[in-house]
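What follows is chain A paired twice: with chain B in the first complex and chain C in the second.
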Partner chain A sequence: MTSIAIRAPRGLPALGRLLPYVLAVLAAFAVAGIAILAMGHDPLLAYRSILTTSFKTPFGFVETMHKWVPLVLQAVAFTIPLTAGKYNIGGEGQLLVGATGATAVGILLSDLPMAALLPLLIVTGTVVGGVWAGVAAWLMHRFGINEILSTVLLNFVSFGVVDYIASEVWSDPAAGHPSTIPIGDGGLLPLLGRPPMHTGVILAAVVVGVAIVWMRRSVGGYELRAVGANARAAQVHGIRVGRVAVGALVIGGAVAGLSGAIEVAGVHGKLLEGMQSNYLLLGIIIGLIARGNILAVPFVAFGIAVLEVGASAMQRSAGVPSEMVLIVEALILVFVLLSDVLAARLGRARS
Partner chain B sequence: MNEIQEFLTLVVTAMVPYILVAQGTMLGGRVGVFNVSQEGMMTLGASVGFLVSLGTGSNLVGLVAAAGAGGVFGLVLGYMTTRLRLDQFVVGLALFFAAVGLATLLYKVVIGVTLQPPLIATLTDVRIPLLADIPVLGPVLFAQDLMVYFAFALSGFLYWLLYRTNTGLRLRSVGENPKAADSLGVDVSRARLLAATAGSMLMALGGAYLPMVYTGTFTEGIASGRGWLAIALAFFGGWRPQFILAGAAFFAGMEVLALRVQVAGVGVPHQFVSMLPYVATLLVMMFAFRWARVPAFLGRNYDRESRTAS
Partner chain C sequence: MSERRLSATVEPGATPAGLHLLEMRGIRKTFGPVVALDGVDFEVGAREVHGLLGGNGAGKTTLMNVLYGLYRPDAGSVHLDGRQVTIRAPRDAIAAGIGMVHQNFLQVDSYTVAENIVLGTRQPTFPVLDLSAAKARIAELSERFGLAVDPDVRVENLSVGVRQRVEILKALFRGARLLVLDEPTTNLTPQEVDALFGSLRAIVEGGMSVIFITHKIRETMAVCDRMTIMRDGRRIATLAREETSARQLAAAMVGEAAEREPVVAVVGEAATVADRQGEAPGVPEDAPRRIVVEGLSAHNDHGVRAVHDCSFEIRAGEILGVAGVAGNGQVELAESLAGVRPAVAGRVLLDGVDMVGRPTAAWLEAGVAYVPEDRHRDGILPTLSIAENLILGAQRSRRFRRGRFIDPGAAGAVAAVAMSTYEIKASGAATAAGTLSGGNMQRVILARTFSRRPGLLILHNPTRGLDIRSTEFVYDRVREATQAGAAVLLLSEDLDELTLLADRILVLYRGRIAGERRRGGYDQYELGRLMAGVEADT
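On to the complex of A and B.
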């Protein structure tokens, strides 16, 4: 039950560590290309539209960055507990309750000026996400319930919460889909540039930067890694293993809650049923492709955001269903995992 | 009286996916393979089962095809965690979303986007002569579709296999102490490979059952958490087939109760009622984990050449 199993073999130079990634991506595209060909479509046309949509127009790039925010935050929310050997599969529930908390603040205090409302909204979303994950962490710590179960089951509870808020409490009947009335203008993230990009992108980048420094350069981060590498050894050395695991889940939940608050303040301006999209799945796959290495997470997340934004373009231009992208992503992960096995075998053969 | 009978009949039907998926989880778990791709296997099984039933006009062929698809994924899980010794949770999660993606992709490729999705015939009930005439119990237990009988018979078979045969003893030893099992000549990898494959086949069957009794068609969220709940059920049942069968009644009861209360309306907003199965599961897990006996090597790979004993 350790997370070491997905870490890359040590002692390779940087280039040698990057090479398996490149090969894994190429192999995934090659295999998916055969499938696209078998379905009677043109794989090269499909790939061109996937890979260029984000860079052809400023709009595509802004859309990609907007997509990057929830993806990278969900991946961080998964990676932090993973470092301590815990699997947080509750990111979408934490996102939704974070969004709910942010929306509640945005509606109840809609008259506040931006300087007060926006920070309050962001902080509320973050705290609520952390508390939600805290429930799962408490169930794990106090009752020994496997954290995969305690986190994932709370997702389904959060669906009910969102549905209740969006269709009973602050329902917007004109929306035609369970959704709340808009939050106050002071709660919206300011926009920058043209086409406008919301400043949640900067916020997310800062949070990811802090997470990287914290994980790699602080005592807390060290304890996290020690528990993940060998819980028994960590305990012998005086680290409170249970507390570290609970803390990791709560921090992960807080980051996921933040992603919900940013979605409300930057993208939708309200709480919306289904706003969690498939960010949980993508966050997990990003965290696993990055092999739990927080430094790699923002880059992998960007690559996945490019694929996701390109997916609908591919469906339009080449006629390939956008779900093909999910297969490509799963294949990349499988090949990254296999490259470890291959590298280990080669290393053994050489020595 | 009629109302109780109707409720119980629905519960028995709702038990089927829980039984199949949780027994599949248990089967892998008893040899140490902790599969976490249930939700994906169910979605894939539902998609394949629906599409093949639609194409061939036979639900039976659809069920067989769904089991086959699940078996392929189970084989991959088994191979990657035994021969390649990759982390079980990582591979399980990878297979989970590969299966969800494949399920939706297959549906889109074959059916496309339509306003009116095609429907397949639902399973027909088979009355067992004489037994079905018993008051209350008869219609509830003996006038159901064939998958109900299969699920109950399977539970009995697994109990017999695990606790009454030599093979079962060997299988259980692999999950408790693979090194000892290995030294006695049990092929650990093969046992895990077979159990993971068979387990995933059962999960896909449990998924394929959903369009064949409830919806008549496939939707992306068709499993709606049942796969995750089935993991909880495996823990709840202490990884023993007989208790999983009993526990399935509780899980199915919660599901049917939530639906019933939503329809009837009792003054509580229906959104809170829909949380019932998940909240109730978490509540019972608080106590189940105290007595649940978990296989010692659950989720841990076995390396023959490793020098540490555990």
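On to the complex of A and C.
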């Protein structure tokens, strides 16, 4: 597991470091194109609709940004613990309990004005997500239980929690799908522009910016990176490794919880079964394609959001199943990882 | 066998010096832009112990790796008995009669000596494994060459010295005529070194030849018939022992420029350390005690007690050496005094304050600086930059912090100074520390350590793997620190280093202090007996 190459080979100039990515994307499209062709569709038409939908209309762009929010936050929720050498595979559980907490606040205090309800709702979602990840962190710190296992298993617990809340506690029988009644209007994120974009996009961008600065410049971020680079050396030099790892998982969980709160307050207005979509998986793919480099995460996340939004357009225009996009995304990751092996081989051949 | 060699080496163009078992001609090896070997010629005669001498990075190990088929040279040829041979892999080298004993033994811990020795060879009884014939042969070899070892004992129960004998027997068992030993005396007591040298003489008298890789001049003078000195990937000279001196070898190793004169002096000093015996301890009796250790005990990583009831003190300006064969509690002692490993009993008073039970960061703040033995494992953040490595441990101090953030200006300034003062060779302070060579990594660690102005300096094998000039550099910094009033604990497996630097030496055996000697009373053989546990002070 830990053998996944997290960092690009050092010593290459920036342009040279970008090249493997470009090649990986091209190769992924080429391989998927063969599959599309074999299925009897036109790959060029398919790719044109994938790549242009986000930019052709304002509507497409807003949709892409709405998609970007949970993707980038899930990727950050994965990347922060990864930097300390810990694997948070519980982003969707943290998203769901965060959404649950936010919904509970939004329903119970639905009469509060926006100035009070919205911040409360966002903070609650964030805190609940952090606490949820904190359970796994505590098990890891206290009993040495592998955080990969505990975070994954807590996802299944969260499904049960959502099911219970959406079908038993605040069920909305009229919805036709397990969901709660809507939260108070004061809990909804304000919209901007036309077509309307929810302000969660700005919130997410600010959070990502803070995360980047914190990771790269702050003392806490330094200790996080030190633990991930060499936990022994960090410990020998006075860094409390256990505490840093716990902190990283809790912060990751909080960011994932925030993404749940934004989904409730910006997109659905309520808790909805299945709202976690495949954001966890995509968040991990984004984090790995970015090789754990938090600076690259928002850009990779934007690229994946473009592919995701383009997927349904492709289905409409070229008749290619939208799942093909997931194959492209997976292929990009495979080729990026493969480029490490190739670079290492080339390096060895040269020496 | 020697008959055959005689006839085979008679060949036009052979060097007039005579009958060479091995000739390497014009060996060139580059790693990217780095020229590791620059057209090296190297000859080993029949029946000789040939020293291959040089500092770190001189290319001696690279040359031997070419011979053993671990590297393929860019140019050059290898001749055995005057015939050119092609060696592409260690398999070919073994078939040609070359045996190599590496610094890290490649042995299966849970196998017996005999099983380890036959591992990888095909026994005549195949597919049945019957070791009786092999054991008889091993017994014969160990008898003949003075390599006493019980073939039925598991190697995990053996000391480093005996495991090395197993490794030599392994090579002889495979029919080696030319034995390459890479720094074989590391971790041996002086008695074991003498035994090894005795065996090497027996091996040579038995008609074989030995290449002895080392950077210790004293050992070369003790056992080698001839020696080849390498520097910067080139052969500098090949000399017979009778025609040379320790001083001349030291000069050849470091180069001849006048500026290197002090270095040569130090090497000469280390080479003939017995000359310095008369000096009295340099620390006044009334100097304040910076550290007092009382009844300290500590566990190893497996929860087994590795340090037993150790008590000592170090005064300001004093260097206390700790001698011992690796694995006798040195790591645990160093780590418990650095605040990294919790003490299970006892007190550690730093300037009068008991530090036991405090977090590591508190020890650092109290002025403890630690240069760990394993720099890769304990000292370096490989993916972080040199600048970031230099602030490790001080990231929360006011020097590098502005609010919650690290001050990049302060860190950069410190890095720039450190890189020039410590001659860290890298393209810049942003270079990832993991890409540095071992010597440069150690310089980063030393720069970090000394920049803290330590009150207690703990050094564990600080010069291992460093060349002479870097070693001298480290010694200078240590002396500077003592002049500034630091107490130094120097744990080292190099007795020359300890007798050169330390004011007192403690010998650690099985986690206990087996004896203490003061400057003026150092006798390496006596220290060796204490290290081996054959004798203990009461």
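One rule holds for everything that comes next: the second predicted complex is superposed on the first by the 346 of 351 C-alpha atoms of A that agree within 3 Å, B and C clash if a C-alpha of one lies under 4 Å from a C-alpha of the other, contacts with A are read in each partner's own complex, and residues count from 1 in each chain.
We take it that contacts are C-beta pairs under 8 Å (C-beta built on N, C-alpha and C of every residue); 3 or more make two chains touch, one makes a residue touch a chain.
Since the model is a prediction, treat every value here as computed from it, not as a measurement.
Aligning the shared chain A places chain B and chain C next to each other free of steric conflict. In the overlay built on the shared chain, the residue A:V161 is in contact with chain B alone; chain C does not reach it.
Within the superposed three-chain arrangement, the count of touched residues of chain A is higher for B, of the candidates chain B and chain C. After superposition on chain A, the vertex angle at the CA centre of chain A, spanning the CA centres of chain B and chain C, is 70 degrees to the nearest 10.
Of the two partner chains placed around the shared chain by superposition, chain C is the only one that A:G220 touches, whereas chain B remains out of contact.
After overlaying the two complexes on the shared chain, residue contacts for A:S339 are found with neither chain B nor chain C.
Shared-chain residue A:A234: touches chain C; no touch with chain B. Touch criterion not met for A:S179: it reaches neither chain B nor chain C. The least CA distance from chain B to chain C in the superposed model is 5 Å.
Only residues 7, 10-11, 217-220, 222-223, 225-226, 228-230, 232-240, 350-351 of chain A touch chain C when the two sit together in their complex.
Residue ranges of chain C in contact with chain A, taken from their complex: 31-32, 335, 338-340, 359-361, 363-364, 370, 372, 377-384, 388, 391-393, 395-396, 401, 404-406, 408, 431-432, 434-435. Looking at the complex, you find that chain B touches chain A at residues 36, 80, 84-87, 89-91, 93-94, 97-98, 100-102, 104-105, 108-109, 224-225, 228-229, 231-232, 235, 269, 271-272, 274-275, 277-279, 281-282, 285-287, 289-290, 299-301.
Those residues of chain A that touch chain B in the complex are listed here as 1-3, 5-6, 39, 87, 89, 139, 143-146, 148-150, 152-157, 159-161, 163-164, 167-168, 281, 284-285, 288, 321, 323-324, 326-327, 329-331, 333-334, 337-338, 340-341.
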